[in-house]
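Here chain A shows up in two complexes: once beside chain B, once beside chain C.
After this line comes the complex of A and B, so read on.
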């Protein structure tokens, strides 16, 4: 039963996921080529100096990749469900409704997590070619909130798409934009704040249950 | 016979707009029940309430004794649901969708599904999105038959279908329902197709129930009478005898559950003597239009 549900979600997501994976790999490759270029053009000493002393952001091409992935996966997964009220088919399946929605959103979450872990690993390797672990950790500390933003935006976009009440959608959109914006304020990211944002992001996964409840009860 | 569906004092509003008030009906096990009404009278609203996709303003719907507002997974497995427009997962192929649903239903029988698919000009790996409306309707029907539910709820199965596909749909459904003693709850806007299909009917108009009885009883008791007017200033009212009427120039058509003699007596009381009333036979569609009116 659960395998069947995963199969359905995979059918919807697979092409978009493949495209996002490809785009992410291209972005990482671009960053790697840029690093090679800076190393050559600025010389290793100059590149080091720019990064360590001036905080030169050689990785900015990756900044919005997780958010883009989160939005796209949420759209391809949940828009076909709400189009023509197809979610009724899913909610009519002989399974507890909240369990169904949580399984759907967990599947998207796991796929995004795998993609972001892969990107983190690749980033680690390419930065490690030129820099010591201190720089790797410094960049990953900036990259980590961007990745969590990707997960949060996935949860929030899913809830907005499933939500049948327009006024609720209109309230959720600015809230989502404001929440996501916090992840890109890189100068205030303490470990505690990152942990707090992670917990809030995971909590936002349950918003789809409220939207699902409104859909199920025909509240418009 | 047990009641598969019970609707008690159902009232529903969309905002301030009353859809229906104190709506009552029940569907007995093994019966084919038709909910008939013009567009916008609340047929799909009723089906949505029955399936728990809408909370009624007041009243109660029971399906297999359970409140439709909180159906258990076990009860849901006993109900086959065709959404208006034969909506299904269009991103799946014929094989994929059968495989998907089969794992949710313990009584799943793939034979009727593939038997129906063999009649269509489609390939097993063709996506539903690339099929015609008629073909998609057969996929949706095949899936419901394979589910082998005790109750089939079909919301306007005829939407978008040509005569051939409508006939194929009903032939299959009829054979299945009779062979397996299934209960069917159907709505349709093409009334003529249902003439030899339904056991019971409920005809609704805006906010009210017009008829609730076995279809044979309705067809035998509800009559159409025609006569010519003696003068153009004649006026009729709807009442316990005259359920509906039409006046076109000097031609009058009266729809009634009363016998011809009662109509004659009523017209006499209005001062019309010897009106030469003719009883005209009706199809189910004529009767439906007769009771609901053309507008």
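After this line comes the complex of A and C, so read on.
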């Protein structure tokens, strides 16, 4: 049953996932080309000075990639289910409904996680061409909240789409936006702050259960 | 059970977001821009001149309450305003029987500030080592940056590879001076836009302070021989033409020292009551006096010393901050607490949690009673809805927003 469900999810997601992977690769390539350009035109020591002493952000093209990926995956995975109330059929399969929803959402989560880890790895490599580890770690520290935001936005968007009551949807949206905004508002964060935000993001995966509960009960 | 936990999580998420954004929007609308006083010490009058918070007009007053306009202020502060006075032909020939020579005034004038947010800021630990005696008029950025691990490593910008020869040269120089690797603090002024270069002041793992720079391609390394229990947390190094001190040291106990050019002798500044987490230090100096202002959110403490750092005069003032104005009073009733992720007094994003005064509890109590009726209206028993009421009692308006927006899990359908 689980295998079949995963296969069904994969069928829904695969093209969007491929597109997001492609887009991410393009963005990383763009950053890499930009770095080569700066290295040539600012000269290496000029580029180093700008980045190390002035914090020149040469990586901003990647800022919203995880959030975009999170939203797109959530839409292609859950929008078709809710449009024709197909989710109702799914929820009546002989599997416990919460387990089912959690399986669906964990599948999307794992795919996104793989994509973000890949991006982190690529970022590591391209920065490492021009800069020592201190700069790599500095950029990855800035990148970390952006990618966690991608996971959080996936969970929240899923919950918003599955939610059948329009007014409840409208209530969820501003708080979801506020939560995501936090990730783009922080800089030079402490470990405890990022840990808290990560835990809260991971727990927000259960919000889809609350929406799913409304869905199954047909509360409108 | 799972559904209920999911709802609880949803409520907590709303409380978290609301406690950040609602006070933020409230203060965006109602916050007044309260400026700190600016305090000067007139070498002519030997008294303070204070510029109040109304910065749209140039109006200064002294401790006795006399008002001075801009022209009078400039005449009373001839060293600070020597350029304007020279332009007007009003600069006196001498002051306190010292002849006023423009070049001398210029190099003796000092203005620098130390903010709490620069003290806890940790920059990328890579630094350019300038050639301090290049024989050129202007300093040039080097082609490599150094880091301190178990050695002092130079990394070439163009190749991103370690320059082993230079690394060995500097590492040996540090080791022969008993530097114990790695470094705790590296402080310098990494810009080529300065008159000359004095390199870096580096604290090693044994709390020794070293002065390290490059002179004609060779390492220069001196142990400044500071007390081991100095507990340095921050150093501000600035090359100034005056060449009286290399920079300032701030330690854990919020004591402030100057590192003097005289064999690195430390000069303790008489800044009683300074707290490096709460105060900005504003340091103004001229031919005769040093004026240190410790600026807090709603207060200023200015200490004037002579050139030997002996206290000459002091000034203290307090004013009402936003918390004490109407908007602040209202907010302390509405919000039981506020959460910020950033702070003006730190460079770090963290939880800056501020609990309001106890009377916010009155508001929370009223809201929890309303919540009780809302729950009754929703046919939720106290046994099932106690969490909602407790949440509102603790988190006040934020919890109330969450509970009133999010329906309860219907027990009949569960």
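Just so we're on the same page, the second predicted complex is superposed on the first by the 218 of 220 C-alpha atoms of A that agree within 3 Å, B and C clash if a C-alpha of one lies under 4 Å from a C-alpha of the other, contacts with A are read in each partner's own complex, and residues count from 1 in each chain.
The rule we apply is simple: contacts are C-beta pairs under 8 Å (C-beta built on N, C-alpha and C of every residue); 3 or more make two chains touch, one makes a residue touch a chain.
All values reported here derive from a predicted model rather than from experimental measurement.
*Asks:* Scan A:182 for contacts with chain B and chain C and give back first, second, both or neither.
*Replies:* Second partner only.
*Asks:* Touching A:42, do we find chain B (first), chain C (second), both, or neither?
*Replies:* Touch partners of A:42: none, neither chain B nor chain C.
*Asks:* For A:75 in the superposed arrangement: first (chain B), second (chain C), both or neither?
*Replies:* neither
*Asks:* After lining up the shared chain so the two structures overlap, which partner does A:113 touch, if you call chain B first and chain C second: first, second, both or neither?
*Replies:* neither
*Asks:* Output check: A:217 vs chain B and chain C. Expected answer is one of first, second, both, neither. What do you get?
*Replies:* both
*Asks:* Which partner chains sit in contact with A:23 here, chain B, chain C, both or neither? Use first/second/both/neither.
*Replies:* Touch status of A:23: no partner.
*Asks:* Once the shared chain is lined up, is A:202 touching chain B (first), chain C (second), both, or neither of them?
*Replies:* neither
*Asks:* Output check: A:136 vs chain B and chain C. Expected answer is one of first, second, both, neither. What do you get?
*Replies:* In the superposed model, A:136 contacts neither chain B nor chain C.
*Asks:* Under the contact definition given at the top, report the residues of chain A touching chain B in one complex and chain C in the other.
*Replies:* Common interface on chain A, chain B vs chain C: 217.
*Asks:* Inside the complex, what are the residues of chain B that reach chain A?
*Replies:* So the residues of chain B in touch with chain A come to 48, 51-55, 73-74, 76-77, 79, 81, 83, 85, 87-92, 96, 99-105.
*Asks:* Can you list the chain C residues touching chain A in their complex?
*Replies:* Going by the criterion above, the answer is residues 2-3, 5-7, 9-10, 12-14, 16-18, 20-21, 121, 123-126, 128, 141-143, 145, 147, 155, 157-158, 160, 190-191, 341-342, 347-351, 405-407, 409-410, 413.
*Asks:* What residues on chain A touch chain C, complex-wise?
*Replies:* Residues 44-49, 52-53, 98, 128-132, 134-135, 138, 168, 171, 175, 178-179, 182, 185-190, 192-193, 196, 200, 203-204, 206-207, 209-210, 213, 217 of chain A touch chain C in their complex.
*Asks:* Over in the complex, which chain A residues touch chain B? Could you list them?
*Replies:* For this pair, the touching residues of chain A are 1, 3-4, 7-8, 11-12, 80, 84-86, 88-89, 91-96, 216-219.
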